[in-house]
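Each in structure tokens, the structures are laid out below.
In what comes next, chain A is part of two complexes: it sits with chain B in the first one and with chain C in the second one.
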Partner chain A sequence: MVESKHKWKAWLYLSPAIVLLLIFTVWPIINTLRMAMLEGYNGTAELGGAAFNFGIGNFVKVVQYAKFLTCLKNTLLLCVLTVPLSTVIALLIAVCLNSIKPLQRLLQTIFFLPYVTNSIAIGMVFATMFNIIGNNIGGENQLITTAGVINNFIGLFGVDPINWINAGSAYWANITVLVIYIVWDALPFKILIFLGGLQSINKQYYDAAKIDSTPKIRVFTRITLPLLSPMVAYAVITAFIGGFKEYSSIVGIFGEKMGPAGDQFRLNTMVGFIYDSLASNQQGLASAAALILFCIIFAVTMVNLYVSKKNTHY
Partner chain B sequence: MKVELRNLTKIFPSRNKKSNDVVVAVNDFTFTIPDGKLIGLLGPSGCGKSTTLYMISGLQKPTGGQIFFGDDDVTELSAENRGIGLVFQNYALYPHMTVRQNIMFPLQNLKGVDKLTKQEMLDRAENAAKLVQIDELMDRKPSELSGGQQQRVAIARALVKMPKVLLLDEPLSNLDARLRLQTREEIRRIQKETGITTIFVTHDQEEAMSISDIIVVMKLGVVQQIGAPQEVYDSPINLFVAKFLGTPPINVFKGRVEGEKLYIGGTAVLDTPGVKDRAVTVGIRPEGFILDANGPLECNLSGVEVMGRDVSVVSTHGESLNPTVRSIINSDNKVEAAATVRYSLKSNKVFLFDTETEERILF
Partner chain C sequence: MTNNVSMAEKDIQKVSAQQRVLKILSQVLVYAFLLTAALTVLFPFYWMLISSVKSLAEYELAVPTFFPRKFQFFNYVEAFNTANLGRLFLNTLFVGVVSTVLSLIITVLSAFAFARLEFKGKNALFAALLATMMIPGELFTITNYLTVDAFGWMNTFTALIVPFLVSVFYIYLLKQNFMQIPNELYLAAKVDGTTDLKYLWKVMIPLALPTLISITILKMMGAWNSYIWPRLVANDPDMQLITNGLRNAFTDVNSGKTNIPVQMAAVAIVSFPLFLVFIFLRKYIMKGVSRSGIKG
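For the complex of A and B:
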């Protein structure tokens, strides 16, 4: 316990962090609440001396907005599809990586690369791969147009080229590309924590299981998975939170118009909606949407924690 | 089930790729373990006793030699097909399962004709738990048990599938002194009740001697001596075995034999008929000393430790290779406070060893 006459020293040393937190974290949160509760709030108008009524008008407006409902639907769909998929795939890769000895380090590095690569850049590469029109320089400096890498690849199996992301593409095709991209992007972090978890499991459990002639599948379901459950719970919770904030992947592939040409903003998400509202000087709407997003994430995380508490063995 | 080891050898490759030094963990171990006996593999750390156990279990593959269970060569058989039970040093109980689930786990793996119904499994688990007296703890998790209770669960899990051979790796090393004493008797009782051939590894000579039918003393991968505990104690084959067995440890002196008499320092202390004149290393068990005012061996008295039944006399001697000479004598004898103490010796508690090879010289 610090003596009271020295307390000011403690506060002094803490003050840089506290001041920064107050300015850039606490005040924005309070201000978001304030802006959300002022009907039709607009920053420029407020500077011009306008006054706003206190009320829940912003929330009502957001919820009634068709664009917002599209965003909510897209966000939920991507979460529900990508979180289980990336978790299961990461788990399989981690278990396989853990069971091989040669090249383990190299493969670990390769699987980790997406994590350190810019997601917009990866998005653009994906956009090119899934493009229906790929560019290819032929003979005599002639520009020959061919289908993109992915369409070429599925063509090997006799599948006709699919319009993945270009004008006139189907919604399910767009979502498929996004799911592949998001899952691929989410793998490294999950593989890393699963591998860490797997390597911290005492080898003796596996020796004991071997002595008792346990089949491999049962070793996985009865020993590996339960002992890994804290990591799985952590991965799922953080993946859901990340999933609800999905934005840059869509910008990476479809550009900032958030959709294929001719059907813009079809793939917009909650965070995209917030950004758009801010850009169009509707801070009240953006704040309300941000608070709604916060409440959804909070509720989902609570459910996650409740479910994982029942099924996790620490 | 008798277990036979033939020229069993395990060589670990060098960690450093450039050097060619290899570690010979077990060197040419040949021994037949009779059916239904309790065998103690004994030696200091790094002597290859655990490696031997893991080779018998199948978790490690021998570099050379063969292992037979009964008449079947199991050398190439992997651990899952050997039908053994193994109790790990740290028990390796599955932390997320209850005691009952842990014990039932091996039974749920049985296939084909051996497959059991749920009720049979529960009954067998219950019986195994009763055998080790933990049937009241069936619904607890391992983390809610004491070390001794976890140990019993581990034994029950190993026994429940009725293995042909039970292997225990340092089973008592994680227990406190009192529990260790109790548990080793327990292991003996369970082994007798089940009649399963049991092999256990320990570095504690007292533990090995107290419960084993046969002890195997190892050093640096080489078997030194195999025999009944008392026999090995009374007749150690070399200085290492003599030093390793017994608490307090044996007293070692520099000495020489001249005219069939053993000299320690300048005085003849014992007749050694049939031994040629030579320098020797002398081992004297603590209980081999007799307090005798006219005895030939004179030591400088440093102190007396009372242990109730016995007293332990601590002294020093110029020719002793240990820092102190420790004797155990009956507490009826009064040790007088004086500068020196004199002993005569019991000839069956005195061993002579070659100074070079450390092999025993019989007389």
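For the complex of A and C:
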């Protein structure tokens, strides 16, 4: 490293980044803590000279809020369903991809395709696939114009059309659609990570196993999985973090009202709650919710790191 | 004796034939699984494309057609006009290009300072920067919303560009890349009397070009896909970005009914540039993504 004669130069180069970080990163951290501790804080009212009491009122209010509990429940449910499902499917696809030669590159490209999409736009495509035009499902005189392509498909197996996302749809049907979409959206990144990991495993391990004629299942559980465990840990941690911040996939499918027509905000999430509170000028509430979200993400990440440390082999 | 040997040979042949059949069978299964999965992944794209060229009447048929009977390309023209896509497109392009260029300049300068210069508190500062990466973005958004409002930036492009110019992750990525460049090059340049900026421009930037391209692509994709922040600070139709204009433009406010084929045409228009970028710059995207774990 060179001892620069002009030490101020380093600070000159860093100055644009530092100024912007102070305004848009450091100040928000301090201010969020401040707003969360000021009961009923409202940014516009403060500019008008209003004062707020110091206390944990915002947190109490958030936790007692029925809306917030719905958001928490939705977020947790989506996390718990999508993270294991997408990890297992991605692992399966990656292992299969790694075992073939012809078509490997083409298939790899196809599996990566969902990554370079706009999650709102493709959410709208999924909504179209599950959509029912006519909405009169379930009544005595079923008047379905188009049951939607997914309903047509399950109809091939003799399953009756399901009201997935339209007015009057069941909660579990909504969640099913969201899980399918989120998993579809999450696969590319995980496949990419897993395939990269598989390709970097030293071939000698497999040759040794071949000489000992080890069964394939045993090769997978004793060689592949342990050597892939750092990537799996990484994928699971990032998936949980992303899962707790789920928001735009729901907007893509259900629109900004976060729910089927007639039952709005039923599918709202933690991030949705924060933005709603922010938009309605309840920044104190929003800050408290954001801090709770941060604590949950932090705790889950720590648990993940602890579990993976015990089970990860480097 | 000879009889026994041939018996054993036959056994071996039988076993290896069995193994071959098993191997072929497992290969068939693997391909069947992968192809099914690939078709599932592709289907939404296919459905988007064929729906976008159907007439509304054909789209609403009780049994949907898997290939349009008649191609109605007019849907694309209608989509472009209904959602004012031209304007949204230009807005997004402007925000994307300006924020990418400024962000690259800031990132390169900071990464250079961290990788090549020596100053007090360098390591502490870098560690502090990395620590901020753990905090979810929503936590910053609340205050930034108020800050942008206080600065009088509501409904301006400034609000869409400035708060996100510094990415600690990109600084980290580029710093790692810069540090791989041998220090001797820097010393040699210093001996020759080259200035820092000239050295940066002539040596470091060309050597770190792949990382810079990855950052550029991810940043542009970020502008293309951003939704939440623009919705908060730029509701003016003249300032909207493409994703925000897309979601509601095709739903009739009164009836709540959506002209889906036209909507799908708009979705296809928005997706198309992303695919182009993907096809030509796949290598850089995958490289950047596998290290970042963030979408856009």
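Everything that follows uses one rule, which is that the second predicted complex is superposed on the first by the 297 of 314 C-alpha atoms of A that agree within 3 Å, B and C clash if a C-alpha of one lies under 4 Å from a C-alpha of the other, contacts with A are read in each partner's own complex, and residues count from 1 in each chain.
As a convention for this text, contacts are C-beta pairs under 8 Å (C-beta built on N, C-alpha and C of every residue); 3 or more make two chains touch, one makes a residue touch a chain.
What you see is a predicted model, and the numbers here were worked out from it, not measured in a lab.
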Are chain B and chain C a fit on chain A, or do they clash, once the structures share the same frame? fit
Per the contact definition in the header, classify A:Met124: touching chain B only (first), chain C only (second), both, or neither. second
Given the superposition on chain A, which partner contacts more residues in chain A: chain B or chain C? C
Under the stated touch criterion, which partner chain does A:Asp207 make contact with: chain B (first), chain C (second), both, or neither? first
Check the residue A:Arg218 against both partner chains and state whether it touches chain B (first), chain C (second), both, or neither. first
Looking at the overlay, what does A:Ala17 touch: chain B (first), chain C (second), both, or neither? second
Three-chain overlay, vertex chain A: chain B-chain C angle, C-alpha, nearest 10 degrees: 70
In the overlay, answer first, second, both or neither for which of chain B and chain C A:Ile193 touches. second
Quick check on the superposed model: minimum Cα to Cα separation from chain B to chain C, whole Å please. 6
Let me check the overlay on chain A: which residues of chain A are in contact with chain B and also with chain C? none
Seen from chain B, its contact residues with chain A in the complex are 57-59, 78-81, 84-86, 88, 90, 92, 94-96, 105-106, 108-109, 157, 161
Show me the residue ranges of chain A that touch chain C in the complex, using the header's touch definition. 1-4, 7, 9-11, 13-14, 16-17, 20-21, 23-29, 31-32, 35, 43, 47, 89, 92-93, 96-97, 99-100, 103, 107, 109-122, 124-126, 128-129, 131, 133, 144-147, 149, 152, 184, 187, 189, 192-193, 196, 234, 238, 241-242, 244-245, 247-248, 251-252, 255-256, 261, 271, 274-275, 278-279, 283, 286-287, 290-291, 293-294, 297-298, 301
Along chain A, where are the residues that touch chain B in the complex? 202, 204-205, 207-208, 210-215, 218, 222-223, 226-227, 229, 313
Residue numbers on chain C that touch chain A, as the complex places them: 27, 30-31, 33-35, 37-38, 40-42, 44-45, 47-48, 51, 59-64, 105-107, 109-110, 112-114, 116-120, 122, 125, 129, 132, 134-147, 149-150, 162-166, 168, 171, 183, 186-187, 190, 196, 221, 224-225, 227-228, 232, 243, 246-248, 251, 256, 260, 263-264, 267, 270-271, 274-275, 277-278, 282, 285-286, 289-290, 293, 295
